[in-house]
């Protein structure tokens, strides 16, 4: 019954990519720790780049600098 | 001063239902643990079904399968 | 399949109290939003009072002031 | 490599204010704990006032009461 | 720069298993979404079974019932 | 009534440093966004270096490599 929260910047991840990510993480927990997929919850939070900071700057600003 | 985070799939919970849920959780913390409602914070996050996985699948897909 | 995270200060909550809290929250989600208890996850994090701040102060300090 | 999550009600915080907040928190972690800004992640979640409870009530309702 | 939080019950996961899990999740984010491993943060929280509820019961109790 | 969660590796942060960090973050929220310190909650989670991954590796391992 693991709970996994994945926070990424909102940059166009498709439903197919999110499905692949959820399947992959669930499989890792099953194969490595024997966790039951049926009660493994994975939640993806997509965050605006104005709301995400790295190195003390907004990601929006870093992108304009090509960082 | 408890902090409670409730994550649910975005499936049409009404303001009245959310108010009832917040009141109920706050009362539980007061009655069971003697916590002060005035500083009890409850945050509800509603998550798109494309961003929530259970059993290695998107909830969106599980719903189409009637799961 | 809701996920609920309850953060409280570590002040001696007993297993019985935690069980009552978990049962109560699970029932609220079932009764108000029709959520399935079998996949409702509730996690309680107990935090040291040196690691919890309110009003800009450690709870440890606030307690010595009788706040 | 700290991770900071700031949850606030969605009440019109501007990109400039969020940038100032992210810069300020990153500087605090560098100055107080010597943490490396380059791997300090700060994520701001803005939450609807219908989804935030305090004192057992929705913030939306508290605002109409002038609380 | 994704942030991943994995919450599991405290049931003896070894450093090697945690390393494998962190490596696996980081690779998934790189391969599926092109995320940079250098700024991908993965945090594993291990939670006491007295603090984790499923189906309205403590995991400690469910284990004694063989669930 | 903001809620701030700061996750850092468990590397000996003192109560004084944590108090300074909590005070600083609370002041930032007051000065930048006009938030009320009395209901500003700041929680610091200290995480073992075996439970924190960056660049696909445990921080414990990265430290032995001088990273």
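First chain written, first letter: the chains are A, B, C, D, E and F, and each begins at residue 1.
Following the convention adopted for this analysis, a residue touches a chain if its C-beta (ideal position, glycine included) is under 8 Å from a C-beta of that chain, and two chains touch if they have at least 3 such contacts.
None of the values given here were measured: they were computed from a predicted structure.
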{"item": "Fewest hops from chain A to chain D - one hop per pair of touching chains", "value": "1"}
{"item": "Chains touching both chain A and chain C, listed by label", "value": "B, E"}
{"item": "Longest centre-to-centre distance from chain D, chain (CA-based)", "value": "E"}
{"item": "Whole-Å gap between the CA centroids of chain D and chain F", "value": "13"}
{"item": "Distance from the mean Cα position of chain F to that of chain B, given in whole angstrom", "value": "25"}
{"item": "Whole-Å gap between the CA centroids of chain C and chain E", "value": "20"}
{"item": "In chain A, residues with contacts to at least two other chains", "value": "1, 3, 7, 25, 39, 41, 43, 45, 52, 54"}
{"item": "Pairwise chain contacts, counting only pairs that touch as defined", "value": "A-B, A-C, A-D, A-E, B-C, B-D, B-F, C-E, C-F, D-E, D-F, E-F"}
{"item": "Touching residues (chain side chain B, partner chain F) in the complex", "value": "1, 3, 39, 41, 43"}
{"item": "Of chain D, residues touching chain A in the complex", "value": "15, 18-19, 22-23, 25-27, 37-46"}
{"item": "Residue numbers on chain B that touch chain A, as the complex places them", "value": "7, 45, 47, 50-58, 60-61"}
{"item": "For the chain A and chain E complex, residues of the former touching the latter", "value": "1-9, 13, 17, 20-21, 24-25, 28-29, 32-33, 35, 39, 52, 54, 59"}
